[in-house]
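Remarks on the structure that follows.
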């Protein structure tokens, strides 16, 4: 799916990749949209989303909120590649700028870790819309992720602990 | 749906309200999720979303990206109440902070216009999750909307014109 | 300085208030600008800044970056009222929307805690410019603060630990 | 000042560069801080700021609000390289993530235009702190700029027209 090879990224440990894919497959919203993880490497996660009437807005393009959701997940799972097996990650905040109409047959979100601390991880995402093979950068995101111990029932938000 | 009456807001012109509801009903993602506009007034829009496996993340809560999408639409349609009939509106950017886990049976997003200029409108949204009748503020959003002439095929993004 | 009494806020412990004022007085940029803390209460901090050629932009108004700096400090010290004496606080991120020109003789930033967790605090700020007694809301901010143990030489950033 | 040559950028028209430098020199806050434009090219602006007690916070580092102000100006003047001579530009909003303590002798902000539309320009900035020759990425910014006709007295904010 990638038009630019990300050759500098380290390959990901199989167990980490499996954990991430299992987590993604439990995100009902991604499954219902037929989104998939199309690339995974150390500090990187690419998610691809086919266009459908489950993701559009009133003009027939990808909805800005859908673009934000793909950005949030792409940045989040990029961050997952940098935490230890007994940790979990939640989004503290994200900010999305929309640059071009989300007009196309596929949306691709590429999340990348910028800085990973012990408690906070900062990630970015670039969002491309592909229309008949032509890629257009349609949005960009800046995000803060919060690392927590793996016990989602006790604490699953950045300010609940 | 509102737990706090918004009595200070002016009622909305019927034609404007009809235009907004028609636009909302064309957002495939909102229809897919069974979201609905639960309140509409001058400068305000409240959207309610029932929990389902179409909107959840890996821990069974509302997905942060879904919360952002509801926030984006609530702020956007709040902005729609302040444009003229021949204008359209698109999101330039939004920023969401997540405050508490999205755990509950219903998500409610309340968008409100803070300042409406001729070209840019700034809106905010508060997001509540309702769990067995108990309301919790789970996220807040700050957003910039871009007003454009009603010709979505020619221009449907803030930086395409 | 306040045009709206903030009567619902709890008064602040004297030791906490003294710690905050001592910290503020060590911020060289605030001293250089003659900024001062004009109100302090539990979860709240108001900072006032007189106009001068130390804070203006090319049109003779308050510089947007100055408005952001006052917002950052007002939100940050609002957060300081909610941490324990042995803790420190740093800004993880903030986002500012500018709503009106920063034209006036005084800038007032009112920071308020929205949610205080053990590690992250979310705050907002409203920024007013006062021109001959007339108050105008000129900007608003949404911010994430990071709580850390009081050892600034070892760790003074959200992602360095 | 640049550690990475930006050789792909087109050189800037002399008249445009002169207009930008004249505008920058009227920003009182930048003059009082001894900030300077250290690089200017099509779509790019780099601003350098020496450390002093005019820009520090309570721990003796560059203040987060100062970092934001340099980011705002660097992104803003990057945008100035893409507008026509009879236009002006104001900041609609910006969002800053702080990645590392602002500890060093010099702060360098590099603004870059991501997308320039007729009315909105989206820019980013990377902020580096230099400590004894060692560069550290300490913050990153995402920003929306608003293009307006050159008449600052009539309209100098994104939502005032």
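A, B, C and D label the chains in the order they appear, each numbered from 1.
Please note the rule applied: a contact is a pair of C-beta atoms (placed from the backbone, for glycine too) under 8 Å apart; a residue touches a chain by one contact, two chains touch by 3 or more.
On a predicted model such as this, the values are computed, not experimentally measured, just so you know.
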Set of chains whose contacts include both chain D and chain B
A, C
Per the definition at the top, count C-beta pairs in contact and tell me whether A-B or A-D has more.
A-B
Express in whole angstrom the distance between the two chain centres, defined as the mean CA positions of chain A and chain C.
32
Where the centres are mean C-alpha positions, what is the separation of chain A from chain B, in Å?
22
Averaged over CA atoms, how far is the centre of chain A from the centre of chain D? Could you give it in whole Å?
29
Would you give the residues of chain B that are in contact with at least 2 other chains, written as numbers and ranges?
92-93, 95, 97, 99-100, 115, 122, 142, 144, 157-160
Residue numbers on chain C that touch chain B, as the complex places them
95, 97, 99-100, 114-115, 122, 124, 137, 140, 142, 144
Quick one: which bits of chain D touch chain C in the complex? Just the residue numbers, please.
23-24, 26-29, 31-32, 52-59, 61, 63-66, 68-73, 76, 90-101, 103, 138, 152-153, 156-160
How about chain C: which of its residues touch chain A in the complex?
92-93, 95, 115-122, 142, 144, 146, 157-161
